[in-house]
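Structure provided below as structure tokens; questions to follow.
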Amino acid sequence: MIVTDPGRTRRWGHIFRGDGRSLVLAMDHGATFGVGPPFDPEVLEPMIRSGVDAVLTTPAVAAACAPALASVGLLLRVDGGRTGLCENSGDDRSTLTTSVEAAARAGADAVTVMGYPGLADESNSLQRLGEVADRARGLGLLVMAEMVPYGFGASDRWSADVVARSARIGAELGADIIKTVVPKDGDIAHVCQSCPVPVMMLGGAAPLGDDGVAGLAEAARAAGAAGLAVGRNLWNAADPPSLIELVSTILHPE
Amino acid sequence: MIVTDPGRTRRWGHIFRGDGRSLVLAMDHGATFGVGPPFDPEVLEPMIRSGVDAVLTTPAVAAACAPALASVGLLLRVDGGRTGLCENSGDDRSTLTTSVEAAARAGADAVTVMGYPGLADESNSLQRLGEVADRARGLGLLVMAEMVPYGFGASDRWSADVVARSARIGAELGADIIKTVVPKDGDIAHVCQSCPVPVMMLGGAAPLGDDGVAGLAEAARAAGAAGLAVGRNLWNAADPPSLIELVSTILHPE
Amino acid sequence: MIVTDPGRTRRWGHIFRGDGRSLVLAMDHGATFGVGPPFDPEVLEPMIRSGVDAVLTTPAVAAACAPALASVGLLLRVDGGRTGLCENSGDDRSTLTTSVEAAARAGADAVTVMGYPGLADESNSLQRLGEVADRARGLGLLVMAEMVPYGFGASDRWSADVVARSARIGAELGADIIKTVVPKDGDIAHVCQSCPVPVMMLGGAAPLGDDGVAGLAEAARAAGAAGLAVGRNLWNAADPPSLIELVSTILHPE
Amino acid sequence: MIVTDPGRTRRWGHIFRGDGRSLVLAMDHGATFGVGPPFDPEVLEPMIRSGVDAVLTTPAVAAACAPALASVGLLLRVDGGRTGLCENSGDDRSTLTTSVEAAARAGADAVTVMGYPGLADESNSLQRLGEVADRARGLGLLVMAEMVPYGFGASDRWSADVVARSARIGAELGADIIKTVVPKDGDIAHVCQSCPVPVMMLGGAAPLGDDGVAGLAEAARAAGAAGLAVGRNLWNAADPPSLIELVSTILHPE
Amino acid sequence: MIVTDPGRTRRWGHIFRGDGRSLVLAMDHGATFGVGPPFDPEVLEPMIRSGVDAVLTTPAVAAACAPALASVGLLLRVDGGRTGLCENSGDDRSTLTTSVEAAARAGADAVTVMGYPGLADESNSLQRLGEVADRARGLGLLVMAEMVPYGFGASDRWSADVVARSARIGAELGADIIKTVVPKDGDIAHVCQSCPVPVMMLGGAAPLGDDGVAGLAEAARAAGAAGLAVGRNLWNAADPPSLIELVSTILHPE
């Protein structure tokens, strides 16, 4: 028999629909780039109402937009500490910038941290992941690991094998949900099959266009992924609510 | 300027709709009476889907029905320790039976405790309320106080003035939401106007019938109450989902 | 989706077989009566090998017989403090005599406490149950509540309704497993159906004889109980290993 | 296989000789009676040198005589708080007067507390014993429980059965060593056989004389007891070192 | 006399059979390599049923397969943080990735950490071992140290003397069980005789074939080792359950 973890089961239901998939709107860019996701509730609310299941953001955006975000799941990023104002040195310069306890107080359903397997200093991010997973479990929260092998600048090394192994490493270290990159050959299914927990595909910095985002959603669902966790490609779209509605329909066809 | 508490704001949005009202299904009777609310998800789910905004229950029911309850707000009762198997001595024999920390782990949006102003040992329940409110605030949770002046057997003393003063006492001691009795003269408006936080009306042991529950919902909305927190009169109805749908429509007309 | 509690799931599998039932040998009498269960490994081992699934005992017996008990599940009683040397005053004079933390260190799969609903001082035992359940959950342990309405001397009040309500009260306060008395009319099924967690039947002080114990096992399985938690009627039998083997076969027919 | 507790094994060897027996000189009377054991090292040292294996005393005597006591085992009493200046009410008015942590700092091998099964307020002392045992185990110390059924004034009720059951109750609650009274019929063997841990016989207030003490030592060894824990009958003797030497020879014949 | 540590004795009996040997299935590779051991209960269960005594794995696999693993001992790896996606720098880049407390909650019988004596930064892993041993002892858990002198790439330096000294160093720092490499001259007996705690032989990356694994089991038993802790050479076999059954028969001939 399986004994339920009631808090984590409840929070799972805040992020995922009954079909096991979720459309996560990523809004955690501001702490790194200083620009990015809207924090004006009047801009945000129509996006939320169009089919977002959960939002990944920072504690500050979650505070500024708390009423607008109450109807969707909340994943709070707890690492950071590097910015786009500093030249990218290629290594992991992240730290924990807030605590799992603070995320729990803020009503988060999950906390999110980066994992950079393959970097020379990979153990920094992987240890953070393990520690955060321990704390989160003790407080009833879920953990999303954003696994980016060799860092964000290394997309040429993102073979399906490397991405799959990275996803599994994240899960082995305690993540309940993996957010990761689309392998360069597009074999999302290999990633999902290699990983004991649900995998969500990220969008990235390159503009995909509405058709590209829709195609990513189709591919993710077809490959058995648990959905998308996309930011710039949604809130930078010409008509974010329309695109969100379209993607939600693709991820949740019934 | 008002500095918002983001976690409590978020949790507020899990319990109340935008109109400031909520239909709370009370399911916390089992720990006291040993009988009562259904804990079968197949019975519970149709009720939830018919318009319940939040559920007030015990940690055990919340655990048993975690997936079914994920779509609604969750208020967890943390006091108890007296049962219907013991003759009612008229005094407050309640204690804390679980902790605010455990409620937070279980994903509660609020914790609920009794308050018995007017009993000779009123300071027991009022001190519990104050302590629970302190802990809950530190963890980002809301507090509902169920204020029953002179105890449940004393309905003849529930004048509008007494109920109003009790409600305010609960709020003054740290409650964010008051659940209380309908005054014997029916003047709910006086109670709501006397109390700085939202007031929800409870149903009680006496069967009201479908019309009675609907009438209570009408009266509550008309008087400015924040809704109903009703148990036996909903889950003991002939057709609970239909009655819940009706009451929801009354409380949330738009 | 249900998120698993891995530690409590693992420990569940230490107590119950795949059929959801367990034969628990109760050996916790020594702390109360000063006589009782054997603590000689040479007496104990043949009993264990004959089909016991788990043992309920005190930390002292668990320490004295640690190697013999390693092959079965372990439930440790953490309350007590009253003895058979003192006249039974009819009220609950129990206290916690060891901690959940100590039980976890000793390798317990579950902790066991009494619950006495219906006693004038019922809130003592019920609060203990709630507190112990909180601690146990935080440490990954299970909780068995031994629910005895009105105390051990009140068997004439053990109607099926009273026992059923008591079992549910134990579950509502956080117990994962209920150990309780057979109702005086024998309606075990009513007890099991009223309770959201598995129910195990206790044997009690009266000698049942081998046939009586076998009959209790048959009745328990037929009524949907999760097995037996019996002490004196097993270790006082003429040939304990034979009786244990018989009862195990009844509880686990396949 | 048995995994050793190294600290408690080491401390065991400080109290008991290889034959499993010990002569414990009890010197814990001063805190209760305000008179009693010598605390002059010049008086104490000849006694110690004559064959004492361990001393049971209070932290104050242990401090005053630290150099003299360094060569023997040390058991520190951590309860008390009642005095001979107050009329004996017959109930347990003891409390913890120092902590297990303080005893550890003072170099104790064991801590000692009273247990009064059969008193109306028996749960006070039994809960203390359980708590002290938890703490002591965590700090690597041993626990001696001095089990006196119905209190010191009730020697007429000290049947072998009652004393045996009391000894076992002490062991079940966590004691590693039992110090108890000689049953009124002298059947020490029954007590030792009923108890899963070593039993030491106490001397009591009545003067036994040198022959009486020697006889007690003979009887204890013959019955399988782990030795004597005697105070007044040793340090009040005409020639304490001689008597101690005699008793030691009886307890440790080889 | 030896005073038992009851929790660690109980957990010892969960890992080792009465003959003092154990077949440990190593399944902790996924966190490092991102590929490896099956996490599908349907694949795992037949292996477990074929004679595995205990499993060494990560918390994630233990959670995913909790019901399947309930019948065997559980050793949880608590270090890691380096991956096969990163070029092996030859030094110890491991960290603690979870806590002993979390392992205890998850029902672990032992925690496992690496030890790399001979590396320039050997003190990292050796300090981790010492710290983990302290925490584990306080919580009643056992500690397995996987001692790999000069790291995994240095098999040419694995003389019997070096391996034996490494094993003893692990034991001296607090390990209860040593998992180590077969010396290049095959003198397992020298390793076992040099080490005060049981030694288990690991399999390593090179495929041994069924005969090779069987031969290793024979050699280990003959040399006085406590068994094998093998992963890839078992779960990558053509027919894992058959090979496991064979090895179990060799390790446990009676």
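Brief remarks on what is shown
By letter and in written order, the chains are A, B, C, D and E; residue numbering begins at 1 in each of them.
In the analysis below, a residue touches a chain if its C-beta (ideal position, glycine included) is under 8 Å from a C-beta of that chain, and two chains touch if they have at least 3 such contacts.
Model, not experiment: these values are computed from the prediction.
Looking at subunit C and subunit D, the chains that touch each of them are E. Centroid distances built from C-alpha atoms place A farthest away from subunit C. Of the two chain pairs considered here, A-E and C-E, the higher C-beta contact count falls to A-E. By residue number, more than half of the contact pairs of C-D reappear in one of the listed pairs C-E, B-C or A-C, namely B-C. Annotation: 36 Å between the Cα-based centres of subunit A and subunit B. One inter-chain figure worth recording: subunit D and subunit E are separated by 45 Å, centre to centre, where each centre is the mean of the chain's CA atoms. Listed for subunit E are residues 4, 9, 12-13, 59, 66-67, 138, each touching two or more other chains. Chain contact topology: the protein chains form a pattern that is neither a line, a ring, a star nor a complete graph.
Counting only pairs that meet the touch rule, the chains in contact are A-B, A-C, A-E, B-C, C-D, C-E, D-E. Those residues of subunit C that touch subunit A in the complex are listed here as 1-5, 8-9, 12-13, 16, 20, 138, 142, 176.
Note for the complex: subunit A touches subunit E at residues 1-2, 117-120, 122-123, 126-127, 129-131, 133-134, 137-138, 149-150, 162, 164-169, 171-174, 194, 196-197. Within the complex formed with subunit A, the subunit B residues making contact are 4, 6-7, 9-14, 59, 62-63, 66-67, 69-71, 74, 104-107, 138-140. Subunit C makes touch with subunit D in their complex at residues 30-35, 39, 58-61, 64, 66-67, 80-86, 89, 93-99, 101-102.
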